[in-house]
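For reference, the structures are reproduced in the following blocks.
Below are two complexes that have chain A in common, paired first with chain B and then with chain C.
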Partner chain A sequence: MTTDLAILLVSAVLVAGVYATMSYGLALIFGVMKVINLSHAGAVMLGAYIAYVLIVGLRMNPFIATVLVVPPLFFLLGVLLERVFVRPVRKAPPIASLLLLFGVWLMMQNIAYIIWTGEVRTITTPYTMMRFKVGEVPINVNRLAVFLVGAITLLLLHQFMTRTYLGKAIRATAQDSTAAKLAGINTDQIDMVAFGLGTALAGMAGALTSLIYAFDPNFGGSYMLKSFCIVVLGGVESFLGVALGSLILALAEALSVLWIRAGMQDFVSFVVLIVALLVTPGGLPGLLQKRYAVRPR
Partner chain B sequence: MFPRARVLAGLLALAMVGASLGASAAPPAPKEIVIGAALPLTGTFAREGGYFKDGYEMAVKEINERGGIFVKEYGKRIPVRLILYDDKSDATTSVSLYEKLVTEDKVHALLGGYSTPLIQAHTVVPEKYKVPYVNGGGASTAIYARGYKWIFGLLASIEKLAITLMNWIASQQDAGKLGKPLRIAIAWENTSHGKDFQKGILDKARASPDRFVIVFDEPFEIGSKDFTPLLQKVKAANADAWLVDARIADAILMQRQLTELGLYFQVISYGPRGTEKAIRDALAPAADYIVSVNWWHRDLPYPQARAFVRKYEETYKKPAEWFPALAYETARVLFKAIEQAGSLNKAKIRDALAKMDMRGSIVVGQRVWFGPNGQIDNDYVIMQNLPGRGPVLVYPKYVALGEAVVPIPRR
Partner chain C sequence: MRAARILVFLGVLILLVLIPVVGRGTYFQHLGFLTFLFIILSVGWNLVGGYAGQVSFGHVVFFGIGAYTTAILWLRGIPQLLTIPLAGIVAALYGLLWGWPCLRLRGPYFSIATIGVGEATRLLALNLENLTGGAGGLTLPTPEDIHFYLAGFYYLAFLLMVGSLLISAWVRNSRFGLGLFAIRMDEDAAEALGVHAFRYKILALLLSGFLVGLAGSLYAQYILYIDPGTVFGFSMSVNMILMPIIGGIGTLWGPVLGAVIFTVIQDRIMTLSLNLWGFSFKLVQFHLLVYGALLVLIILFEPRGLVGLAERVHRRISRWRQARAVIETAG
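Entry: the complex of A and B
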């Protein structure tokens, strides 16, 4: 029984890694630009296909392809999307960018159908079925690698945001765009960098998860709902919150199966989302801030 | 003599006028028989839709090379014109395109689209306008359980798929390869397809409690990111057989995680999935011994099926999967019904479909007929991935090309 529970917990932690990797980009773009990037799912899907081309077609090392090649390509794609689609509607009501980016997602999906058809694809590497055991708990090497890359990305993002000028400028813009502008920050440029970075993270997430899951042009759509749930839970402007939100969601899904049917996992996700919205509208960081805030005497 | 000759001449003239009047009373033969369909040529089901297009076009080309369909009413062969639209894998678009085919294109009959949700949606159109409709792309009971009279289908039900799987397991029990009762765990995608599968398994288990005991029965969400919690519960159920209704992506993840967790079953099946190239490539040795249940397979040992495979693969340079095969046969069944009706009258074509008994078909069992609900009830074939051989037909006996390996050897 202890082993079974340990297997479930380890599995939930590894899935949390996948969820967090999927959600950083969405949180970053919303945090800085207050834009709900519905093309995020398209970037995740295209990331998987570009990884497929690099790894299966060009026989590139999976690590180099997913971590070193895909993110810069998707950074450029993000910059292009921001310049062409998002910037022209920045002054319009939020629904404009929401619908526009939904259209971009559909466009990406149809491009994928034209190039790769609707056939389900997989990437099989020498590590795909490789596993090792810690005690009685089996751990898949691929899943662990995705988890580790997710964790390292979190650390690097944290360092970038707190130690570099650009990172600080992004945070300043996220907190108050007008004040940032008054302080001499080129917020248009920051928006572009944030969108590029968010799209790079989405592309990398797609590339990494293509090593675990089969995919087709609809890939990414099911992650969107989970990512929204995580971002709401974790707070829209906090990477640590996103990581924590991912862990809570993954644990809730995995452990709920002990009492309810596996077919109800999505139901659990949305119960978590509703509870999060009702109890902690500012996400977990907001709740913690409120709890430990210094009260005036 | 004279008056008699005049009477005869008069009668002859009358007969000639009558004959010419009779000839002009028959309607002139139309230039072509118009048949329409909306297929998912883009979107989610683009791949399958493309195969259906191939199958329909191949059948139309064949019949037109012979001059068209012979229609007794006109005493001649009339060529077929096929109108194909792209429904973009969208149910609403599919419905409006079938409306267009009936109301604007004035088709004589309709061929079906692909996938249960689209077919379930658009079949309301032929039923409403009373246009004969045949499909080879929808199997769910939901399509045929509405009491419709104008809808016919060449795919046997998903319940039948599950029953065939259970019959095969029973045959392995009778051969002494599997024990009795067999402890069975089932999991099914949370859709009408999955529910039909579950119903077939449960009905069969209830009917033979001495043979089968269901120890686990749960649905799962399509596109789940982790099946470990589900598989942990299955492990606790201590089952001998693992029978699942899943799509390719879910089947791959489930089998990978099952292998990682070191679970062992004497029989593993993912319903209609498990023997496709995509799954074998993704799972490599972990795909060995998986059993799948299918409507059709290119290795069927019928000369007419072999001829279809040869011609299809030569023409389209693609492997002949079940999609184009069923599409081709669906179109041929409709042509046969028009010929048997001897008319382009829609009700007569519908009646011919209801009475259809086509022999020498390429489908399993070589015979096409429809039950009162409009759905065929022929056999499925069972295949098993055998190491070094790929998928091999193992059931029913009359088409088997190899012996199933049961129980699965422990690795």
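Entry: the complex of A and C
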């Protein structure tokens, strides 16, 4: 029993790495632009397919593909999306950008259907089946590597956000876009970079997920829900919050297997979401206000 | 002008009533039934998504609950027609269940939560096999005179459509509707003026759920087979969002117009195939692309849909006429 529990916990922690990468993308875009990026699900799904093309089609090393090739591609995609679709509706009510990005998601899904059909795909690499044992607990090398890539990316990003001018400018815009503009930050440019970074993270998370799970053109939806759940749990600003939220959700999901059947696992993220929203009424903004309220001047 | 309008209205009405008499069991009758069904869905969604401005991505749950309520009760021996109002009521109660926590959220946050509601409900329907038959779905008994039966449902759908329009019109002109409009514009300001926003939103959701539940019930009895993939499918939620947006979100006639146009688009897409450069494409492969592109184009260029477009064209024409009149008097 204790070994079973240990196996569950280890796998939960390993999955949390991917969740965190995914959610940080959503949180970044929301934090800076106050736009909920519904095309996030599409970017996650396309990320998985691009990884499939690179790894299975072009026989590239899986980790070179997911770390070095996919993120720059999706950064460009994100910049393009921001310029073409999001910028024209920034002044409109928030529902406009939500519906617009929803339309983009539908289009992405259909494009994936046309190119890759609706068939369920998997990526098998030399690492997929490799495992070693720590005591009684077997650890899958592939999952460990995916976790490490996700974690290192987030750590580097954290450094970028706290140490560089651009990162600080992004955080300043997230806190108060008007004040940032007054301080001489080109907020339009920051928006573009943030959307690009967020999409790059989504694409990379999708590529990493594709190394672990099977995927089809619909698969982004439930991950977006999970990301949203994590963002609500952890808040949009802090890197630590997102990591913690991911861990909580992954643990809840892993432990739920003890009570409900595996097919219902996605139900957990929904329940956690609702509970989190009830505990912090008003959702994200409520959470934000609370944070701001206790922040010393 | 007014007389002409009434005449056109009566003409369309008579045509619609005559369709099953002239062409019993034809494709037009089927298309007519679908149009009425979609109008009910579109008008129902518009009560929450349009009037109150709370866009729901999970409205399919009402449709599915309505369909399953009818199927389950009918199979347990409850008279068939009695299940229709029951389906509406159960759907509305389900709305109360998830609306209570979710409607405390505002605007976009509510929308995200509704995606979760849709997913969670579909999973429940898939996994509660004793009640719903799981992924295999439920098959309903085939009636003896199928042509007579389907024609009957054509008229029933027509009546319910008229009913839903009357409800929508009543809401729009009532104090309740004004409260919803105020919430859409600015929830804080509405509350400050004494509109109990949460209560208003819940009421709108109940009403909307009731209408969509009725539509689900009709669908189950008309198709005689339901499964979670169809009646709880995300694509039905997409349809419900798309129709009012095409027509004009938050207006009375926009959702109706949008539903009519959407039924035609959907029918064409589902059946047509293109032949380009020797390749044959089935258009159905591109349906999400078309829907997504429509959504994007409408939001970018005319957020108020066809109604907004019509108003804009009307303004142009009247301005042009004025200009002409000025030129003529001057010349």
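To be clear about the criterion, the second predicted complex is superposed on the first by the 269 of 297 C-alpha atoms of A that agree within 3 Å, B and C clash if a C-alpha of one lies under 4 Å from a C-alpha of the other, contacts with A are read in each partner's own complex, and residues count from 1 in each chain.
Going forward, a residue touches a chain if its C-beta (ideal position, glycine included) is under 8 Å from a C-beta of that chain, and two chains touch if they have at least 3 such contacts.
Just so it is clear, the structure is predicted and the values come from calculations on it, not from any experiment.
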item: Touched partner set for A:P88, first chain B, second chain C, both or neither; value: second
item: First, second, both or neither for A:L99, with chain B first and chain C second; value: second
item: Touched partner set for A:S222, first chain B, second chain C, both or neither; value: both
item: First, second, both or neither for A:L273, with chain B first and chain C second; value: second
item: Which superposed partner A:M107 touches (first chain B, second chain C, both, neither); value: second
item: Chain B versus chain C as contact partner of A:G263, first or second or both or neither; value: both
item: Partner chain in contact with A:D188 - chain B first, chain C second, else both or neither; value: neither
item: Shared contact residues on chain A - chain B and chain C; value: 110, 113-114, 222, 261, 263, 266
item: Touching residues (chain side chain B, partner chain A) in the complex; value: 42-48, 50, 187, 190, 218-221, 223-230, 232-233, 235-236, 247-249, 252-253, 256-257, 259-262, 278, 281-284, 286
item: In the complex, chain A residues that touch chain B; value: 4, 7-8, 11-12, 14-15, 18-19, 110, 113-114, 117-122, 124, 128-129, 131, 138, 140, 212-218, 222, 226, 250, 253-255, 257-258, 261-263, 265-266
item: Residue ranges of chain A touching chain C (in the complex, touch as defined); value: 36, 85, 88-89, 92-96, 98-100, 102-111, 113-114, 221-222, 224-225, 228-229, 261, 263-264, 266-267, 269-271, 273-274, 277-278, 281-285
item: Contact set on chain C toward chain A in their complex; value: 53, 55, 57, 101-102, 104-109, 111-113, 115-117, 119-120, 123-124, 126-127, 234, 238, 241, 245, 285-289, 291-296, 299-300, 303
